[in-house]
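The chains carry the letters A, B, C and D, assigned in the order they are written, with residues numbered from 1 in each.
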(Lines give C-alpha, C1' and ligand atoms only; values in the text may rest on other atoms or scores of the structure.)
Protein backbone atom coordinates (compact mmCIF):
# COMPACT_ATOMS: atom_id res chain seq x y z
CA UNK A 1 0.00 0.00 0.00
CA UNK A 2 1.27 3.45 -0.89
CA UNK A 3 0.63 6.75 0.91
CA UNK A 4 -2.24 7.29 -1.53
CA UNK A 5 -3.89 4.02 -0.65
CA UNK A 6 -7.56 4.76 0.23
CA UNK A 7 -7.43 2.66 3.38
CA UNK A 8 -4.36 4.40 4.78
CA UNK A 9 -5.71 7.80 3.80
CA UNK A 10 -9.00 7.02 5.53
CA UNK A 11 -7.11 6.04 8.68
CA UNK A 12 -5.13 9.30 8.58
CA UNK A 13 -8.40 11.21 8.31
CA UNK A 14 -9.61 9.49 11.47
CA UNK A 15 -6.36 10.44 13.24
CA UNK A 16 -6.72 14.05 12.04
CA UNK A 17 -10.33 14.23 13.23
CA UNK A 18 -9.34 12.80 16.60
CA UNK A 19 -6.50 15.29 16.99
CA UNK A 20 -8.57 18.26 15.90
CA UNK A 21 -11.29 17.48 18.42
CA UNK A 22 -8.90 18.32 21.27
CA UNK A 23 -6.80 20.92 19.42
CA UNK A 24 -8.11 23.95 21.26
CA UNK A 25 -5.51 26.31 19.79
CA UNK A 26 -6.35 25.44 16.18
CA UNK A 27 -10.08 25.73 16.91
CA UNK A 28 -9.68 29.04 18.68
CA UNK A 29 -7.58 30.59 15.89
CA UNK A 30 -9.95 29.35 13.20
CA UNK A 31 -7.32 27.03 11.75
CA UNK A 32 -9.01 24.31 9.70
CA UNK A 33 -7.58 20.95 8.74
CA UNK A 34 -8.48 20.71 5.07
CA UNK A 35 -6.68 17.54 4.06
CA UNK A 36 -4.58 14.84 5.69
CA UNK A 37 -2.95 11.66 4.44
CA UNK A 38 0.25 9.79 5.39
CA UNK A 39 3.10 12.32 5.43
CA UNK A 40 0.91 15.20 4.25
CA UNK A 41 -1.47 17.79 5.71
CA UNK A 42 -3.03 21.05 4.57
CA UNK A 43 -4.35 23.67 6.99
CA UNK A 44 -5.90 27.08 6.36
CA UNK A 45 -6.67 30.22 8.38
CA UNK A 46 -8.08 33.66 7.66
CA UNK A 47 -6.06 36.59 9.05
CA UNK A 48 -8.33 38.20 11.65
CA UNK A 49 -8.00 41.74 13.04
CA UNK A 50 -6.90 40.16 16.32
CA UNK A 51 -3.91 38.59 14.55
CA UNK A 52 -2.29 41.83 13.39
CA UNK A 53 1.05 43.12 14.64
CA UNK A 54 2.00 46.75 15.13
CA UNK A 55 2.73 47.09 11.40
CA UNK A 56 -0.82 46.08 10.47
CA UNK A 57 0.09 42.72 8.95
CA UNK A 58 -0.32 39.21 10.33
CA UNK A 59 1.92 38.49 13.33
CA UNK A 60 4.75 36.17 12.28
CA UNK A 61 4.00 33.97 15.27
CA UNK A 62 0.53 33.20 13.92
CA UNK A 63 1.88 32.41 10.46
CA UNK A 64 4.27 30.04 12.23
CA UNK A 65 1.34 28.58 14.19
CA UNK A 66 -0.56 27.80 11.00
CA UNK A 67 2.52 26.11 9.48
CA UNK A 68 3.33 24.29 12.71
CA UNK A 69 -0.22 22.93 12.77
CA UNK A 70 0.13 21.48 9.28
CA UNK A 71 3.47 20.00 10.37
CA UNK A 72 1.92 18.46 13.50
CA UNK A 73 -0.91 16.81 11.58
CA UNK A 74 1.39 15.53 8.82
CA UNK A 75 3.91 13.92 11.15
CA UNK A 76 1.20 12.33 13.30
CA UNK A 77 -0.93 11.14 10.40
CA UNK A 78 -0.12 7.50 11.07
CA UNK A 79 -0.98 7.75 14.77
CA UNK A 80 2.58 7.40 16.02
CA UNK A 81 2.97 10.10 18.68
CA UNK A 82 5.49 12.57 17.25
CA UNK A 83 6.62 15.98 18.50
CA UNK A 84 8.39 18.99 17.02
CA UNK A 85 12.05 19.13 17.99
CA UNK A 86 13.45 22.06 16.01
CA UNK A 87 11.83 24.24 13.38
CA UNK A 88 12.99 27.10 11.18
CA UNK A 89 10.98 29.64 9.23
CA UNK A 90 11.80 32.23 6.58
CA UNK A 91 9.28 35.04 6.21
CA UNK A 92 9.03 36.09 2.60
CA UNK A 93 5.92 38.26 2.25
CA UNK A 94 3.57 40.08 4.65
CA UNK A 95 0.01 38.74 5.03
CA UNK A 96 -2.89 41.18 5.08
CA UNK A 97 -5.98 41.31 7.28
CA UNK A 98 -8.78 39.26 5.78
CA UNK A 99 -6.42 37.20 3.67
CA UNK A 100 -6.86 33.42 3.54
CA UNK A 101 -3.59 31.62 4.25
CA UNK A 102 -2.93 27.98 3.38
CA UNK A 103 -0.13 25.78 4.74
CA UNK A 104 0.88 22.59 2.96
CA UNK A 105 3.12 20.15 4.86
CA UNK A 106 5.02 17.43 3.04
CA UNK A 107 7.27 14.77 4.51
CA UNK A 108 10.75 14.90 3.05
CA UNK A 109 12.15 12.05 5.10
CA UNK A 110 11.30 9.80 7.99
CA UNK A 111 13.86 7.56 9.60
CA UNK A 112 13.39 5.26 12.58
CA UNK A 113 12.38 8.01 15.00
CA UNK A 114 13.21 11.30 13.36
CA UNK A 115 11.75 13.08 10.35
CA UNK A 116 11.95 16.26 8.30
CA UNK A 117 8.98 18.10 6.81
CA UNK A 118 8.68 21.10 4.50
CA UNK A 119 5.75 23.44 4.97
CA UNK A 120 4.92 26.22 2.52
CA UNK A 121 2.49 28.98 3.51
CA UNK A 122 0.79 30.75 0.63
CA UNK A 123 -1.49 33.77 0.48
CA UNK A 124 -4.85 34.13 -1.22
CA UNK A 125 -3.14 34.99 -4.51
CA UNK A 126 -0.80 32.01 -4.38
CA UNK A 127 2.35 33.96 -3.47
CA UNK A 128 4.67 32.42 -0.89
CA UNK A 129 4.27 34.00 2.56
CA UNK A 130 6.63 31.77 4.54
CA UNK A 131 8.82 28.68 4.21
CA UNK A 132 8.91 26.46 7.31
CA UNK A 133 10.99 23.35 7.94
CA UNK A 134 10.21 21.07 10.83
CA UNK A 135 12.32 18.34 12.39
CA UNK A 136 10.25 15.79 14.28
CA UNK A 137 10.94 13.17 16.90
CA UNK A 138 8.74 10.13 17.47
CA UNK A 139 8.04 9.38 21.12
CA UNK A 140 6.24 6.40 22.60
CA UNK A 141 2.52 5.82 22.23
CA UNK A 142 -0.33 6.69 19.91
CA UNK A 143 -1.26 10.24 18.94
CA UNK A 144 -4.95 9.50 19.34
CA UNK A 145 -5.10 6.83 22.05
CA UNK A 146 -7.16 3.80 21.14
CA UNK A 147 -7.14 4.26 17.36
CA UNK A 148 -4.37 1.73 16.97
CA UNK A 149 -1.68 1.48 14.34
CA UNK A 150 -3.93 1.49 11.26
CA UNK A 151 -3.23 -0.23 7.96
CA UNK A 152 0.52 -0.44 7.44
CA UNK A 153 2.55 0.60 4.47
CA UNK A 154 4.09 -2.38 2.74
CA UNK A 155 7.75 -2.82 3.38
CA UNK A 156 9.78 -2.10 0.30
CA UNK B 1 25.84 56.56 26.10
CA UNK B 2 25.51 52.83 26.66
CA UNK B 3 22.46 50.61 26.22
CA UNK B 4 21.79 51.12 29.93
CA UNK B 5 21.77 54.88 29.64
CA UNK B 6 18.50 56.13 31.24
CA UNK B 7 17.74 58.44 28.31
CA UNK B 8 18.06 55.70 25.70
CA UNK B 9 16.13 53.26 27.86
CA UNK B 10 13.37 55.80 28.31
CA UNK B 11 13.19 56.29 24.53
CA UNK B 12 12.98 52.52 23.99
CA UNK B 13 10.11 52.40 26.48
CA UNK B 14 8.28 55.00 24.41
CA UNK B 15 8.89 52.93 21.26
CA UNK B 16 7.63 49.81 23.04
CA UNK B 17 4.50 51.58 24.27
CA UNK B 18 3.82 52.92 20.78
CA UNK B 19 4.25 49.47 19.23
CA UNK B 20 2.13 47.74 21.83
CA UNK B 21 -0.75 50.14 21.30
CA UNK B 22 -1.29 48.74 17.80
CA UNK B 23 -0.08 45.19 18.47
CA UNK B 24 -3.48 43.52 18.31
CA UNK B 25 -2.06 39.99 18.33
CA UNK B 26 -0.07 40.52 21.54
CA UNK B 27 -3.04 42.19 23.21
CA UNK B 28 -5.42 39.45 22.15
CA UNK B 29 -3.15 36.64 23.37
CA UNK B 30 -2.50 38.38 26.67
CA UNK B 31 1.18 38.86 25.87
CA UNK B 32 2.60 41.66 28.01
CA UNK B 33 5.70 43.70 27.35
CA UNK B 34 7.40 43.70 30.73
CA UNK B 35 10.69 45.40 29.92
CA UNK B 36 12.37 47.00 26.94
CA UNK B 37 15.70 48.72 26.39
CA UNK B 38 18.11 48.97 23.45
CA UNK B 39 18.72 45.43 22.18
CA UNK B 40 16.62 43.80 24.88
CA UNK B 41 12.98 42.96 25.58
CA UNK B 42 11.07 40.72 27.97
CA UNK B 43 7.53 39.51 27.29
CA UNK B 44 5.25 37.21 29.28
CA UNK B 45 2.06 35.22 28.69
CA UNK B 46 -0.09 32.81 30.68
CA UNK B 47 -1.00 29.57 28.90
CA UNK B 48 -4.78 29.71 28.46
CA UNK B 49 -7.07 26.75 27.78
CA UNK B 50 -7.55 28.13 24.27
CA UNK B 51 -3.80 27.76 23.63
CA UNK B 52 -3.62 23.99 24.13
CA UNK B 53 -2.82 21.50 21.41
CA UNK B 54 -4.23 17.99 21.09
CA UNK B 55 -1.71 16.71 23.64
CA UNK B 56 -2.99 19.12 26.30
CA UNK B 57 0.10 21.33 26.40
CA UNK B 58 0.71 24.79 24.96
CA UNK B 59 0.74 24.83 21.14
CA UNK B 60 4.31 25.30 19.89
CA UNK B 61 3.11 28.06 17.61
CA UNK B 62 2.04 30.16 20.58
CA UNK B 63 5.33 29.60 22.38
CA UNK B 64 6.97 30.79 19.16
CA UNK B 65 4.61 33.79 19.10
CA UNK B 66 5.65 34.83 22.61
CA UNK B 67 9.34 34.53 21.70
CA UNK B 68 8.84 36.26 18.35
CA UNK B 69 7.15 39.15 20.16
CA UNK B 70 10.13 39.64 22.46
CA UNK B 71 12.37 39.49 19.37
CA UNK B 72 10.26 42.09 17.55
CA UNK B 73 10.34 44.54 20.45
CA UNK B 74 14.08 44.07 21.05
CA UNK B 75 15.11 44.64 17.43
CA UNK B 76 12.84 47.68 17.08
CA UNK B 77 13.75 49.23 20.43
CA UNK B 78 15.62 52.09 18.78
CA UNK B 79 12.75 52.91 16.42
CA UNK B 80 14.49 51.72 13.27
CA UNK B 81 11.88 49.68 11.41
CA UNK B 82 13.16 46.11 11.47
CA UNK B 83 11.54 42.84 10.41
CA UNK B 84 12.12 39.14 11.05
CA UNK B 85 13.85 37.43 8.14
CA UNK B 86 14.53 33.91 9.39
CA UNK B 87 13.98 32.34 12.80
CA UNK B 88 14.66 28.96 14.33
CA UNK B 89 13.29 27.40 17.49
CA UNK B 90 14.14 24.32 19.54
CA UNK B 91 11.38 23.05 21.81
CA UNK B 92 12.83 21.64 24.98
CA UNK B 93 9.98 21.21 27.47
CA UNK B 94 6.18 21.19 27.28
CA UNK B 95 4.27 24.10 28.86
CA UNK B 96 1.21 23.40 30.96
CA UNK B 97 -2.17 25.15 31.06
CA UNK B 98 -2.11 28.01 33.55
CA UNK B 99 1.66 28.30 33.45
CA UNK B 100 3.26 31.73 33.16
CA UNK B 101 5.83 31.83 30.36
CA UNK B 102 8.52 34.50 30.03
CA UNK B 103 10.58 35.28 26.93
CA UNK B 104 13.82 37.24 27.18
CA UNK B 105 15.31 38.60 23.95
CA UNK B 106 18.93 39.70 23.79
CA UNK B 107 20.81 41.16 20.85
CA UNK B 108 23.86 39.13 19.95
CA UNK B 109 24.92 41.26 17.03
CA UNK B 110 23.74 44.10 14.87
CA UNK B 111 25.51 45.09 11.70
CA UNK B 112 24.55 47.80 9.24
CA UNK B 113 21.15 46.34 8.40
CA UNK B 114 21.10 42.83 9.76
CA UNK B 115 21.06 41.49 13.30
CA UNK B 116 20.88 38.30 15.35
CA UNK B 117 18.95 37.89 18.59
CA UNK B 118 18.68 35.04 21.11
CA UNK B 119 15.39 34.51 22.88
CA UNK B 120 14.95 32.11 25.77
CA UNK B 121 11.48 31.07 26.90
CA UNK B 122 11.22 29.87 30.48
CA UNK B 123 8.38 28.34 32.47
CA UNK B 124 7.05 29.34 35.86
CA UNK B 125 9.69 27.21 37.59
CA UNK B 126 12.55 28.67 35.58
CA UNK B 127 13.12 25.63 33.34
CA UNK B 128 13.83 26.31 29.67
CA UNK B 129 10.77 25.72 27.48
CA UNK B 130 12.22 26.86 24.13
CA UNK B 131 15.31 28.41 22.55
CA UNK B 132 14.61 30.81 19.68
CA UNK B 133 17.08 32.59 17.42
CA UNK B 134 15.95 35.44 15.20
CA UNK B 135 17.71 37.03 12.26
CA UNK B 136 16.47 40.54 11.56
CA UNK B 137 16.62 42.89 8.62
CA UNK B 138 16.32 46.66 8.96
CA UNK B 139 14.07 48.27 6.36
CA UNK B 140 13.47 51.97 5.75
CA UNK B 141 11.54 54.19 8.13
CA UNK B 142 10.63 54.41 11.79
CA UNK B 143 8.92 51.63 13.71
CA UNK B 144 6.64 54.13 15.46
CA UNK B 145 6.22 56.95 12.93
CA UNK B 146 6.88 60.39 14.36
CA UNK B 147 8.89 59.33 17.40
CA UNK B 148 12.17 60.13 15.63
CA UNK B 149 15.57 58.57 16.09
CA UNK B 150 15.91 59.13 19.83
CA UNK B 151 19.14 59.68 21.74
CA UNK B 152 21.98 57.99 19.87
CA UNK B 153 24.55 55.60 21.16
CA UNK B 154 28.01 57.10 21.09
CA UNK B 155 30.18 55.85 18.28
CA UNK B 156 32.99 53.72 19.56
CA UNK C 1 13.74 36.90 -20.83
CA UNK C 2 13.19 34.05 -18.41
CA UNK C 3 15.75 32.31 -16.19
CA UNK C 4 16.15 29.74 -18.96
CA UNK C 5 16.98 32.36 -21.55
CA UNK C 6 20.28 31.29 -23.24
CA UNK C 7 21.78 34.77 -22.93
CA UNK C 8 21.15 35.02 -19.19
CA UNK C 9 22.30 31.45 -18.65
CA UNK C 10 25.49 32.16 -20.55
CA UNK C 11 26.12 35.23 -18.40
CA UNK C 12 25.59 33.17 -15.22
CA UNK C 13 28.12 30.65 -16.49
CA UNK C 14 30.64 33.47 -16.88
CA UNK C 15 29.92 34.58 -13.30
CA UNK C 16 30.32 31.01 -12.04
CA UNK C 17 33.62 30.59 -13.88
CA UNK C 18 34.88 33.87 -12.49
CA UNK C 19 33.89 32.92 -8.94
CA UNK C 20 35.33 29.43 -9.19
CA UNK C 21 38.69 30.75 -10.33
CA UNK C 22 39.26 32.34 -6.93
CA UNK C 23 37.27 29.83 -4.85
CA UNK C 24 40.23 28.16 -3.20
CA UNK C 25 38.11 26.20 -0.73
CA UNK C 26 35.98 24.59 -3.44
CA UNK C 27 39.06 23.78 -5.51
CA UNK C 28 40.89 22.31 -2.54
CA UNK C 29 37.98 20.09 -1.50
CA UNK C 30 37.41 18.90 -5.04
CA UNK C 31 34.00 20.58 -5.22
CA UNK C 32 33.01 21.08 -8.85
CA UNK C 33 30.48 23.52 -10.22
CA UNK C 34 28.51 21.38 -12.64
CA UNK C 35 25.75 23.76 -13.66
CA UNK C 36 24.72 27.34 -13.02
CA UNK C 37 21.90 29.55 -14.27
CA UNK C 38 19.90 32.41 -12.71
CA UNK C 39 18.67 31.21 -9.30
CA UNK C 40 20.12 27.74 -9.70
CA UNK C 41 23.41 25.90 -9.20
CA UNK C 42 24.57 22.31 -8.93
CA UNK C 43 27.82 21.29 -7.26
CA UNK C 44 29.36 17.87 -6.66
CA UNK C 45 32.10 16.36 -4.49
CA UNK C 46 33.49 12.90 -3.82
CA UNK C 47 33.86 11.95 -0.15
CA UNK C 48 37.60 11.56 0.39
CA UNK C 49 39.28 9.71 3.27
CA UNK C 50 40.36 13.08 4.62
CA UNK C 51 36.70 14.11 4.98
CA UNK C 52 35.69 11.37 7.39
CA UNK C 53 34.64 11.96 10.99
CA UNK C 54 35.29 9.66 13.93
CA UNK C 55 32.34 7.49 12.93
CA UNK C 56 33.83 6.78 9.51
CA UNK C 57 31.27 8.77 7.52
CA UNK C 58 31.55 12.18 5.85
CA UNK C 59 31.91 15.04 8.35
CA UNK C 60 28.65 17.01 8.49
CA UNK C 61 30.63 20.21 8.08
CA UNK C 62 31.84 19.12 4.66
CA UNK C 63 28.33 18.13 3.56
CA UNK C 64 27.30 21.62 4.67
CA UNK C 65 30.23 23.08 2.71
CA UNK C 66 29.13 21.36 -0.50
CA UNK C 67 25.54 22.63 -0.03
CA UNK C 68 26.71 26.11 0.95
CA UNK C 69 28.80 26.26 -2.21
CA UNK C 70 25.78 25.49 -4.39
CA UNK C 71 23.87 28.16 -2.43
CA UNK C 72 26.64 30.71 -2.94
CA UNK C 73 26.81 30.15 -6.70
CA UNK C 74 23.01 30.20 -7.10
CA UNK C 75 22.49 33.45 -5.23
CA UNK C 76 25.37 35.18 -7.01
CA UNK C 77 24.48 33.88 -10.47
CA UNK C 78 23.42 37.31 -11.67
CA UNK C 79 26.63 38.97 -10.45
CA UNK C 80 24.97 40.93 -7.64
CA UNK C 81 27.26 40.44 -4.63
CA UNK C 82 25.24 38.38 -2.15
CA UNK C 83 26.23 36.75 1.14
CA UNK C 84 24.82 34.04 3.40
CA UNK C 85 23.06 35.45 6.43
CA UNK C 86 21.54 32.44 8.15
CA UNK C 87 21.41 28.80 7.08
CA UNK C 88 19.88 25.64 8.49
CA UNK C 89 20.58 22.03 7.68
CA UNK C 90 18.92 18.72 8.50
CA UNK C 91 21.11 15.66 8.22
CA UNK C 92 19.10 12.70 6.99
CA UNK C 93 21.54 10.00 5.93
CA UNK C 94 25.26 9.32 6.43
CA UNK C 95 27.57 9.60 3.42
CA UNK C 96 30.21 6.96 2.84
CA UNK C 97 33.85 7.29 1.80
CA UNK C 98 34.19 7.28 -1.98
CA UNK C 99 30.58 8.32 -2.49
CA UNK C 100 29.79 11.07 -5.01
CA UNK C 101 27.56 13.75 -3.46
CA UNK C 102 25.55 16.26 -5.47
CA UNK C 103 24.00 19.50 -4.17
CA UNK C 104 21.24 21.24 -6.11
CA UNK C 105 20.37 24.82 -5.10
CA UNK C 106 17.10 26.41 -6.17
CA UNK C 107 15.88 29.91 -5.47
CA UNK C 108 12.56 29.92 -3.65
CA UNK C 109 12.25 33.68 -3.39
CA UNK C 110 14.21 36.83 -3.94
CA UNK C 111 12.99 40.18 -2.72
CA UNK C 112 14.73 43.54 -3.00
CA UNK C 113 17.81 42.51 -1.05
CA UNK C 114 16.99 39.24 0.67
CA UNK C 115 16.40 35.76 -0.70
CA UNK C 116 15.71 32.17 0.32
CA UNK C 117 17.20 29.10 -1.35
CA UNK C 118 16.62 25.37 -0.90
CA UNK C 119 19.54 23.03 -1.37
CA UNK C 120 19.18 19.25 -1.48
CA UNK C 121 22.23 17.02 -1.12
CA UNK C 122 21.89 13.54 -2.58
CA UNK C 123 24.14 10.50 -2.50
CA UNK C 124 25.34 8.36 -5.36
CA UNK C 125 22.16 6.27 -5.21
CA UNK C 126 19.87 9.30 -5.24
CA UNK C 127 18.87 9.14 -1.56
CA UNK C 128 18.66 12.43 0.33
CA UNK C 129 21.72 13.04 2.51
CA UNK C 130 20.88 16.54 3.77
CA UNK C 131 18.35 19.35 3.36
CA UNK C 132 19.82 22.85 3.58
CA UNK C 133 18.00 26.19 3.52
CA UNK C 134 19.91 29.41 3.00
CA UNK C 135 18.82 32.98 3.61
CA UNK C 136 20.83 35.47 1.59
CA UNK C 137 21.48 39.18 1.77
CA UNK C 138 22.53 41.27 -1.21
CA UNK C 139 25.31 43.74 -0.45
CA UNK C 140 26.74 46.43 -2.71
CA UNK C 141 28.86 45.66 -5.75
CA UNK C 142 29.43 42.92 -8.27
CA UNK C 143 30.33 39.36 -7.32
CA UNK C 144 32.91 39.18 -10.11
CA UNK C 145 34.16 42.76 -10.48
CA UNK C 146 34.10 44.02 -14.05
CA UNK C 147 31.63 41.54 -15.47
CA UNK C 148 28.80 44.05 -15.21
CA UNK C 149 25.10 43.44 -14.68
CA UNK C 150 24.52 41.10 -17.62
CA UNK C 151 21.30 40.70 -19.60
CA UNK C 152 18.37 41.60 -17.38
CA UNK C 153 15.22 39.66 -16.74
CA UNK C 154 12.18 41.39 -18.17
CA UNK C 155 10.02 43.09 -15.61
CA UNK C 156 6.73 41.29 -15.24
CA UNK D 1 29.34 14.66 40.84
CA UNK D 2 28.93 17.78 38.76
CA UNK D 3 30.09 18.45 35.21
CA UNK D 4 33.22 19.99 36.70
CA UNK D 5 34.05 16.90 38.69
CA UNK D 6 37.69 15.94 37.93
CA UNK D 7 36.83 12.29 37.37
CA UNK D 8 34.09 13.02 34.83
CA UNK D 9 36.23 15.61 33.11
CA UNK D 10 39.08 13.16 32.86
CA UNK D 11 36.75 10.59 31.30
CA UNK D 12 35.51 13.16 28.76
CA UNK D 13 39.11 13.89 27.85
CA UNK D 14 39.64 10.21 27.14
CA UNK D 15 36.52 10.20 24.94
CA UNK D 16 37.75 13.30 23.12
CA UNK D 17 41.18 11.77 22.53
CA UNK D 18 39.59 8.57 21.24
CA UNK D 19 37.33 10.49 18.87
CA UNK D 20 40.08 12.75 17.61
CA UNK D 21 42.30 9.80 16.76
CA UNK D 22 39.88 8.74 14.01
CA UNK D 23 38.58 12.23 13.11
CA UNK D 24 40.31 12.52 9.78
CA UNK D 25 38.43 15.65 8.75
CA UNK D 26 39.42 17.59 11.87
CA UNK D 27 43.03 16.45 11.55
CA UNK D 28 43.18 17.35 7.87
CA UNK D 29 41.73 20.83 8.39
CA UNK D 30 44.01 21.52 11.32
CA UNK D 31 41.11 21.69 13.77
CA UNK D 32 42.36 21.10 17.29
CA UNK D 33 40.36 19.96 20.28
CA UNK D 34 41.53 22.35 22.99
CA UNK D 35 39.19 21.44 25.83
CA UNK D 36 36.44 18.97 26.54
CA UNK D 37 34.28 18.20 29.55
CA UNK D 38 30.70 16.97 30.01
CA UNK D 39 28.46 19.18 27.84
CA UNK D 40 31.31 21.41 26.71
CA UNK D 41 34.02 21.49 24.04
CA UNK D 42 36.36 24.08 22.54
CA UNK D 43 37.96 23.68 19.12
CA UNK D 44 40.25 26.00 17.16
CA UNK D 45 41.47 26.35 13.58
CA UNK D 46 43.64 28.78 11.64
CA UNK D 47 42.17 30.05 8.37
CA UNK D 48 44.47 28.68 5.64
CA UNK D 49 44.75 29.98 2.08
CA UNK D 50 43.04 26.77 0.95
CA UNK D 51 39.97 27.71 3.01
CA UNK D 52 39.19 30.96 1.23
CA UNK D 53 36.10 31.57 -0.88
CA UNK D 54 35.89 33.73 -3.99
CA UNK D 55 35.61 36.85 -1.83
CA UNK D 56 38.93 36.17 -0.13
CA UNK D 57 37.49 35.34 3.30
CA UNK D 58 37.02 31.98 5.03
CA UNK D 59 34.40 29.79 3.34
CA UNK D 60 31.25 29.66 5.47
CA UNK D 61 31.24 25.90 5.19
CA UNK D 62 34.56 25.67 6.98
CA UNK D 63 33.42 28.01 9.75
CA UNK D 64 30.42 25.69 10.09
CA UNK D 65 32.78 22.69 10.15
CA UNK D 66 34.77 24.16 13.03
CA UNK D 67 31.57 24.85 14.99
CA UNK D 68 30.07 21.48 14.12
CA UNK D 69 33.22 19.80 15.42
CA UNK D 70 32.93 21.54 18.79
CA UNK D 71 29.25 20.49 18.84
CA UNK D 72 30.13 16.87 18.04
CA UNK D 73 32.72 16.64 20.80
CA UNK D 74 30.47 18.34 23.37
CA UNK D 75 27.45 16.12 22.77
CA UNK D 76 29.56 12.94 22.77
CA UNK D 77 31.66 13.89 25.80
CA UNK D 78 30.02 11.23 27.97
CA UNK D 79 30.58 8.48 25.38
CA UNK D 80 26.91 8.08 24.48
CA UNK D 81 26.86 7.92 20.67
CA UNK D 82 25.07 11.09 19.55
CA UNK D 83 24.56 12.57 16.09
CA UNK D 84 23.62 15.97 14.69
CA UNK D 85 20.00 16.12 13.58
CA UNK D 86 19.44 19.74 12.60
CA UNK D 87 21.73 22.75 12.89
CA UNK D 88 21.41 26.43 12.13
CA UNK D 89 24.10 29.09 11.74
CA UNK D 90 24.10 32.87 11.51
CA UNK D 91 27.18 34.40 9.92
CA UNK D 92 28.01 37.69 11.55
CA UNK D 93 31.52 38.68 10.49
CA UNK D 94 33.95 37.56 7.78
CA UNK D 95 37.10 35.69 8.85
CA UNK D 96 40.43 36.59 7.30
CA UNK D 97 43.26 34.39 6.05
CA UNK D 98 45.70 33.59 8.82
CA UNK D 99 43.14 34.34 11.53
CA UNK D 100 42.80 31.93 14.46
CA UNK D 101 39.16 30.95 15.00
CA UNK D 102 37.83 29.41 18.20
CA UNK D 103 34.51 27.59 18.65
CA UNK D 104 33.03 27.08 22.10
CA UNK D 105 30.16 24.59 22.42
CA UNK D 106 27.90 24.61 25.46
CA UNK D 107 25.01 22.30 26.24
CA UNK D 108 21.80 24.18 26.78
CA UNK D 109 19.63 21.15 27.39
CA UNK D 110 19.70 17.40 27.20
CA UNK D 111 16.58 15.31 27.55
CA UNK D 112 16.29 11.53 27.31
CA UNK D 113 17.62 11.28 23.76
CA UNK D 114 17.65 14.79 22.34
CA UNK D 115 19.75 17.83 23.17
CA UNK D 116 20.40 21.43 22.17
CA UNK D 117 23.83 23.07 22.08
CA UNK D 118 24.98 26.63 21.43
CA UNK D 119 28.28 27.16 19.67
CA UNK D 120 29.92 30.56 19.32
CA UNK D 121 32.76 31.09 16.86
CA UNK D 122 35.06 33.99 17.61
CA UNK D 123 37.94 35.55 15.71
CA UNK D 124 41.43 36.32 16.90
CA UNK D 125 40.27 39.66 18.29
CA UNK D 126 37.34 38.16 20.17
CA UNK D 127 34.61 39.40 17.83
CA UNK D 128 31.79 37.00 17.03
CA UNK D 129 32.19 35.39 13.61
CA UNK D 130 29.23 32.99 13.71
CA UNK D 131 26.48 31.72 16.00
CA UNK D 132 25.62 28.03 15.57
CA UNK D 133 22.88 26.02 17.25
CA UNK D 134 22.88 22.25 17.09
CA UNK D 135 20.10 19.80 17.87
CA UNK D 136 21.40 16.35 18.69
CA UNK D 137 19.93 12.89 18.82
CA UNK D 138 21.36 10.05 20.89
CA UNK D 139 21.53 6.73 19.09
CA UNK D 140 22.53 3.35 20.50
CA UNK D 141 26.05 2.46 21.51
CA UNK D 142 29.23 4.12 22.67
CA UNK D 143 30.97 6.92 20.81
CA UNK D 144 34.37 5.36 21.45
CA UNK D 145 33.70 1.62 21.62
CA UNK D 146 35.15 -0.07 24.68
CA UNK D 147 35.57 3.03 26.83
CA UNK D 148 32.37 2.27 28.72
CA UNK D 149 29.95 4.65 30.39
CA UNK D 150 32.43 6.44 32.62
CA UNK D 151 31.70 7.95 36.04
CA UNK D 152 28.05 8.96 36.17
CA UNK D 153 26.55 12.25 37.19
CA UNK D 154 24.59 11.95 40.40
CA UNK D 155 20.87 11.89 39.92
CA UNK D 156 19.28 15.03 41.23
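Throughout what follows, a contact is a pair of C-beta atoms (placed from the backbone, for glycine too) under 8 Å apart; a residue touches a chain by one contact, two chains touch by 3 or more.
No experiment lies behind these values; they were computed from the predicted model shown.
Colleague: So which one's got more C-beta contacts, A-C or A-B?
Modeller: Between the two chain pairs, A-B has more contacting C-beta pairs.
Colleague: Quick check for the class: compute each chain's Cα centroid; which one is farthest from the centroid of subunit C?
Modeller: B
Colleague: Just curious, how far off is subunit C from subunit B if you go by their C-alpha centres, in Å?
Modeller: 33
Colleague: Can you work out the whole-Å distance between the CA centroids of subunit A and subunit C?
Modeller: 29
Colleague: Go ahead and note the Å separation of the Cα centroids belonging to subunit A and subunit B.
Modeller: Here subunit A and subunit B have centroids separated by 25 Å.
Colleague: Hunt down the residues of subunit C that sit against at least two other chains at once, touch-wise.
Modeller: 85-86, 88, 90, 116, 135
Colleague: Among line, ring, star, complete and other, which one matches the pattern of chain touches?
Modeller: complete
Colleague: Enumerate the contact residues on subunit B facing subunit A in the complex.
Modeller: Touching subunit A from subunit B are residues 18-26, 28, 49-56, 58-62, 64-69, 72, 81, 83-91, 143-144.
Colleague: Taking the touch rule as given, give the residues of subunit A at its contact with subunit C in the complex, in rising order.
Modeller: Residues in contact with subunit C: 88, 90, 92-93, 108-109, 111, 116, 118, 128, 131, 133, 135.
Colleague: Subunit B touches which residues of subunit C in the complex?
Modeller: Residues 85-86, 88, 113-114, 116, 135, 137 of subunit C touch subunit B in their complex.
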